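Chain nomenclature is as follows: A, B and C, assigned in order of appearance, with residue numbering initiated at 1 for each chain independently.
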């Protein structure tokens, strides 16, 4: 099976600071990858590079068989620390706007239904008219996730989706991600709460100082690896 | 570089001295303006030098943007060739010839078109990739210096001759002012930009500036036909002896500009090399004390198995 | 409807809706425009004979100041919460966003002009001695000239320090021929002394040239980190 994402010699520098120092990896489709590491390890930068927001200084990224990330951007869903939503609109209004951006459907009713479905999937109320700026952090996270999955992308790039979310909601989100992975999506989750993904993630990708240092099936990591 | 530069510097210095002597002593006194007019030997060559430098900046910026993708690079090359061909043929077609403003000969238009196209390809050949951007920043900076000289010498000239410091309708001086403003804003953008793509943004601005200049020229030209204004620098024909001295001074200024640009170019390239070396170094070294131990600072383990 | 235009219109509609909901910015800008006119009235005596001849310039300078205030907040909502990233990551064409913003600014600045122009007429007892209908193309083309480049440079300024300063700094030099055209045309129409045709053509040329340049280069600016 062709890998969904291939990263070759990826280097990302901001002036003198090297956020990514040569990342080489292949990621198979239909998997859930948890990306772990300290702050400053390069996790967010890697995700942004995959999303096409941070063009590489050196190296290349191939997504779904092509290095032209712009051509497959309709199949990517991206969620970041900021909510990427308009504070002044309600959740439903936000999603309906993004539905138009992604040209989900020609018919307004279809768009509306899809938005409502997705909002319900993240356990929020589609009829809520409160503007997103007044949501609690957890609600905002969930609405942001809804925006990311709205257009049914093949690949999901999620940066700390569980931060500031209560454990119960977080577990529900994990269940949602598991369902999506089972349905065929490739999911990348950057998180500090890796325990939530134990048993769900297919692989844990450990990053340190701008490189991938290990990939394990389980959360326990051999701390002094003697790799061949 | 090491050998040629000192030799050229000495030659340029000699040329400048010679040009100075020509300008102040040898050139005849102007019948109308007296000796005051001699500032023309600084004003005009500075202007021509500045325009040349800015024009190189424009070509380098376009090439920098076009070379980002092979498709646009090819398209740009064909467009330039087309401009060259049209520029050579069109002025000689009778209908077009009639449209040319008086004083503009078809042959000079044709030559200019060819020079533009040739310059584009010459720049593309000798400056690749990042070098185009270094060329752009160099020509912008040196160009602003010469442009400043034009804007200072202009009013100094105008005051004794016309009694006014500034003639708002003077096409050339006002166009030069706008050009100066555009390139100063270009340099400010380069300094203030935090983006990783500063070079592209600056190139975009240079393109906008270049599109603007002809419009400035025409807008003032028409304004002047409705509101006649004194012209600094005089129109009309020029005494061949004065022209001779003018050209000598232009040569001297060009050599000087070339030397300064060359130095600046080298300086910028070296600066970038240092930056890249430092960046590469930080790429290869282990990142700080935290990484030194492979013991974990990874906080999560599953606990005892 | 072609997806490009539908995205443009939907974005424009969203912006108008959001602007309408919090009328703060709009009200503040309207009041600012009023203040600008008043300052001009005190600085340039309406009764003086000379004022007649310069009022064309006064009007457009006032419009320019008001436009800069409006342009500076073009991308404010997209910057909060990094919504601009959401746009960059989507397949929506960059130019659709650009045109939506330009149209939004055009409407906004148009509203400000609609407030300020009658005030100038009142304070300066303006009478139009030339063909008054020509003021319409001048106003439309002139406003578009300011707004199309202003929106573009506002996007460029997003990646710079001193963002609010960079916008006018980049905009003013490039706008000079357009400003000359607007002012000269308006003065000619008001005083009736000279025809304004050339300036209208100049403005049209300016608009075509720079709208094309903006559309060609906006994607580069949007995707700059």
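Keep this in mind: a residue touches a chain if its C-beta (ideal position, glycine included) is under 8 Å from a C-beta of that chain, and two chains touch if they have at least 3 such contacts.
Please read these numbers as outputs of a predicted model, since none were measured by experiment.
Set against one another, A-B and B-C show the most C-beta pairs in contact at B-C.
The most distant chain from subunit C is A, comparing centres defined as mean Cα coordinates. Computed centre separation for the pair subunit A/subunit C is 39 angstrom, with centres defined by C-alpha atoms. If you average the CA atoms of subunit A and of subunit B, the two centres end up 46 Å from each other. Work out the mean CA point of subunit B and of subunit C, and you get 30 Å between them.
Residue positions 196 of subunit B each touch two or more of the other chains. Counting only residues that touch two or more partner chains, subunit C has 223, 225. For subunit A, residues that reach two or more other chains under the stated contact definition are 55.
On the side of subunit C, the complex with subunit B involves touching residues 149, 156, 159-162, 166, 169-170, 172-174, 176-178, 180-181, 184, 188, 194, 198-199, 202, 205-206, 209-210, 213, 217, 220-221, 223-225.
Within the complex formed with subunit C, the residues of subunit B that make contact are 65, 178, 181-182, 184-185, 188-189, 192-198, 200-201, 204-205, 207-209, 211-212, 215-216, 218-220, 222-223, 226.
Within the complex formed with subunit C, the subunit A residues making contact are 51-55, 73-74, 76, 78, 80, 82-89, 97-98, 100-103, 147.
Of all residues in subunit B, only 196, 275, 278-279, 282-284, 286-288, 290-291, 294-298, 300-303, 305 touch subunit A in the complex they form.
The residues of subunit A lying in touch with subunit B in their complex are 11, 13-18, 21-22, 36-38, 55, 194-195, 198, 206, 208-210, 218-221, 223-224.
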